[in-house]
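There are two complexes below, and they share subunit A, which is joined by subunit B in the first and by subunit C in the second.
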Partner chain A sequence: MSTTQRILPKGVSEADFDAALARFREILGADSVLTESDQLAAYSKIMMAGDDADYIPSAALLPTTTEHVQEIVRTCNQYKVPIWTISTGKNLGYGSAAPGETGQVMLDMHRMNQILDVDPEVCTALLEPGVTYQQLYDYIKENDLKLWLDPPAPSAIAGPVGNTLDRGVGYTPYGEHFMFQCGMEVVLANGEVIRTGMGGIENSSSWQVFKWGYGPYIDGLFTQSNFGIVTKMGLWLMPEPPAYRPFIIQYQDPEDIEEIVDVLRPLRIAQIIPNAVVIVHTLWDAGTHVVRKDYYDGKESIPREAIERIKADEGIGEWNVYAALYGTPEQIEVNWNIIEQAFGASGKAKIMYGEEAEQRGGGFEYRSALMKGDMNLQEFGLYNWRGGGGSMWFAPVSQAKGSETKDQTELAQQILGKYGFDYVAEYIVGWRDMHHVIDLLYNRQDPEETKRAHDCFAELIDEFAKRGYGLYRTNTEFMEQVAGTFGEPLREVHKTLKNALDPNGILSPGKSGIRS
Partner chain B sequence: MQNTTTVPSRHLPSRTLGALALFGALLLPPVAANASETREPDEVYRQVCAHCHAPDKAVGPEITIAFPEAAWEARGNYIRNTVRHGRAAMPAFRTAKISDAELDGLIQALVSGELDDAPAATGEE
Partner chain C sequence: MNLTRRQLMKNSLLLGAAMPLSLGAAWAADSGFADAPVHGPIRLYGADRSTTELGLGLRQQGWAPSYEGRLDPLALNAQPAGTLAAGFTDEAGLVLLTSLLAGRGRVLALGRHEAGHHQLLSHRGPLAAPLAAEAGSWQAALGREYARLALAAGSARQTRDVRRPASEATDATELSFLVRL
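Let's turn to the complex of A and B:
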């Protein structure tokens, strides 16, 4: 048996694939069409509990212009070649830079990395998909602009366009990224280019300031989808406030999560606390810098007594609320008094800021950086908690009500415990919702543990759905299953749109469970 | 729009840029192309590696300590393999992210200790 069997896109003959590759080389130049296994190796590294053999691309294309992308999709239609689009490819734990299935051609947009415009008056930016947060951050610093970014935890190496298209979140008042997106340029599957919002009007000055345009608003169709390829995106940037006060509130008992959420909700809805607050469990707060085996080396879920030892040694709570205030010093003082009163009422909370918070263990330093949009990857320390490079984000949405939070926490702990995994989790608080983000960490070098992680994740999806809880996002291994939890009528609409916009099914087949 | 800041180009003269800018939103000039630039090793390290590997981060192991010259080739191959394939929690980095030329320069700077960012010894016992 040959060990170098050529990988082809599903349903495409070798002759057609060769013809398509020849055309791609004409469009991009030979150096920007990758087909050798050593060139493609970086596109196969995954952290989710899938089989490596299911995520191997047949080639990778590296366009640098919108016109390149137009010509690529026209060629794909001609030869029925499926492409899987990535931007910076650092969606770690959600699929990274790997294709949705073996044989797909990677459309790697990382070299389309121009910062097209930053307007410090209306605080907007227009970017290509390959721009990283670090690149934009450096540009803002070099030009002494008083603007802040809102990176997710992978910050520096990830990018605003890809993260927004996957409806990711950050930690400043601009934390819900899609809410702060404004205007797109999209290459459709037929090779045509559209601009959404006000962008269709020649010489429009309001493309990056008015989201809705005229008629149906369609930007959402190009998020978590495979209806087009976004080649430019506008987003809003936060003006640097005159003052900033990050703070932490610690609670010591598992049951305290109910009180935290119920006290926090009105403060968040009224924008007394304006940012995407996080409520971090012990194991996440410690896991960014503590290794599991220092406290427990068993195969079972880490026991309560070990969690209590971590809390004592590290000086952290069962629940650790990280939030911040922004504005003038006077505004901050007014809001701080409200927060102290609200959280101080029960006598359970320990509220800290400044030097006291900095001296405490846990993640205050890196959380403070993220809540002001600085570049920081400290959260990747979580990958050392168990070791072995396995990670999947299980992220159901909940409403911001303490009783529901308690229910989700207990359900997650029960299922994770059944499979021997730890509850490494946080809640990211939106205005009325929360993203309950659980990092299912496992040793990917161990096949048995990987299989167990896969089964655990599948059960989490099903059991949460039975109680009415759905995921806001998932990795490529489970997109089909998660799409199923949202019901057939919605899937039919997605399929109808797909058939209309991409009848040959060349764009990211299987993304969010959508195929033509 | 007079206060709009646009990224300066390293490829187009400012006179050309000014003329292109007049075309407006549908003909935005390509003002900041980084794809063809080769970054210096310290810039690649700062933008990508240091966030996890700098001594004060300790997310990944320190990688800037100089190796004996006799081991440069073996150490370099190890780094190259790790960057391109990833290793456990370490992500893989594609040529689109770190070009071959940039990786060559980075490896040389790492193995030779040129980027050593370990805290300086104080000499105190």
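Let's turn to the complex of A and C:
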């Protein structure tokens, strides 16, 4: 089968597109405007259960300066060419580096990768969108700065700006990334540049330390949105603590999730445990390094008997709680005693740290690295669990209450079971909320299985919404459906803002279900 | 034998069981295609017999594969622009490799070799060879095909499904790639 027809942006004539490409080449240089099939192939690789033909870009642009981005959007307005922006393009469970729809031009910001400032006194950084966590990590190490990062699981290759703008999370006390963002530079659709917070004041020294600025606070408008293109972003970095104690708590019964969450909640809210704790199910904990077919090769959900064998072989629990303490050794000792008492009360928990934790199976080593902001790519192993290259992260939010967690777990397992998929999941615990992250892994090479995965994901969205559970983030295939669950009045506000800021609808049309 | 001492040492250091690869490479060099023109180096990734056979096919068509062991996409990404690489990897490696190539390189061809069929994708024109094993293994045939595609001009995306003969019965899935940074 051959794909020879030229891909064009929707509603744009071939002549206009050629004229736009010629202008892009003038702005960026010919080497930074990609149009050949083998150059665009990596932008077409999706893992979600959509049709490949729906996610093919017409070109990719590689700017290196804010001025480039300004000129690009002016050209896009002139020719009505839609662009889809990516930072480092590693949003793997949520749409990868592919466009929102076929024909859009990729605006790939990875060459805008300057670390503009790192201030070790106030512990802040100012970055361009192409900076990766690995790059920032190396900078900090090379300059012997006592600062920690907070990367998500695909840490080394992802970037702080893109992850924060998609409201991603990490695993240290700075785990809620948008909470630790401070100040942005944004190119608007008309080509103008604004700086948020204190950035509007010329020579402001407080752009990266005071979030709110003056008047309405608008940084949130540029997250999970298509209202502007962020070209610089400030963030807060964690000072390296004098001591660090990662630990694991294992529980063996499926029903124990209720107790875990209810014991954990007051400890998190009171900051006895300060980091974004994860409660990891057996199949996620093992799935980073174990292959499914070694235990079960059927088309249905992996049976309980196989899960029990994995637990026994790997020395892991049904639920594996990864958390850490930070501070002076004395502070850690005080908090450790409180934690031991709280989790030890029922007699169900096995609490470990140090050598004992290191000797167990599962993911203690890489989790310990992530909870101190070190680089790690272990979770890519999940893609080997079932094989076939299909992965979609279903991520509803819940309150940190055991009854709600139990309800979500049972509902997810029931729907996944109906479609023959496995519950490969973890909960990431915020202060009062939890991100329930389920990796729906499936074989994308099998059309029937892909359709099943699509139907399963759609049903998960609907059934969770019926019980009052919404998603915090989703992949491009399901953005429209998820936006629908939040109600028409909110969508109308989004659309009004879009029409005001981007009347030609050139910026990432369809992102979060928003179009002009 | 065309492998340098440095290459042999590197293989031995990178791979605990380097000997099969080295022997395979040596056999490839002595397999009757010595007159083939040399197109240049190609980095070859993977750590099993399939990789050795793929290297054989590439060598038969005049490429000089250097055996790099198991694919580390981050290390590959650090290679200079223009570097050509081929090999076998797993699902995780393929996800990482393709995501790193966005804006940085070209995907020339990908292969998914499953029970019953080969699924081949090329961005360098039609896939010609049926991966028949008359002249050796299907992996060597794939190497010869990748050798040709590495020299072909850019073209539209092509996909092809090739049925595997019953004699190749396997339940393992192998993923091959040919990329240029």
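In this section, the second predicted complex is superposed on the first by the 513 of 516 C-alpha atoms of A that agree within 3 Å, B and C clash if a C-alpha of one lies under 4 Å from a C-alpha of the other, contacts with A are read in each partner's own complex, and residues count from 1 in each chain.
Convention: contacts are C-beta pairs under 8 Å (C-beta built on N, C-alpha and C of every residue); 3 or more make two chains touch, one makes a residue touch a chain.
Not measured: the values here are computed from a predicted model.
Because the two structures share subunit A, they can be overlaid on it, and in that overlay subunit B clashes with subunit C. More residues of subunit A are in touch with B than with the other of subunit B and subunit C. In the superposition on chain A, A:Gly199 makes contact with subunit B only, while subunit C stays out of contact range. Within the superposed three-chain model, A:Ser37 lies in touch with subunit C and out of touch with subunit B [touch as defined at top]. Contact with subunit B, but none with subunit C, is seen for A:Tyr139 once the two complexes are overlaid on the shared chain. Contacts of A:Gln341 after superposition on the shared chain: neither subunit B nor subunit C is touched. Of the two partner chains placed around the shared chain by superposition, subunit B and subunit C are both touched by A:Asp108. After superposition on chain A, the stretch of subunit C whose C-alpha atoms clash with subunit B is 61-69, while the remaining options among 61-69, 115-123, 133-141 or 151-159 stay clear. Annotation: subunit A residues 34, 38-39, 41-43, 45, 47, 60, 62, 89-90, 92, 96-97, 108, 110-111, 156-157, 377, 380-381, 383-384, 387-389, 445 touch subunit B in one complex and subunit C in the other.
Of all residues in subunit C, those touching subunit A in their complex are 74, 90-92, 94-96, 98-108, 112, 114, 119, 123-124, 126, 154-160, 173, 180. By the touch criterion given at the top, residues 1, 3-7, 24-26, 28, 30-35, 47-48, 51-52, 57-60, 84-97 of subunit B touch subunit A in their complex.
The touching residues of subunit A, counted against subunit C in their complex, run 1-4, 34, 36-39, 41-43, 45, 47, 60, 62, 86, 89-90, 92, 96-97, 108, 110-111, 156-157, 377, 380-384, 387-389, 445. Chain contact summary for the complex, subunit A toward subunit B: residues 34, 38-39, 41-45, 47, 60, 62, 64-65, 88-90, 92, 96-97, 108, 110-121, 126, 130, 132, 134-135, 138-139, 143, 145, 155-157, 195, 199, 202-205, 207, 232, 289, 375-378, 380-381, 383-384, 387-389, 391, 444-445.
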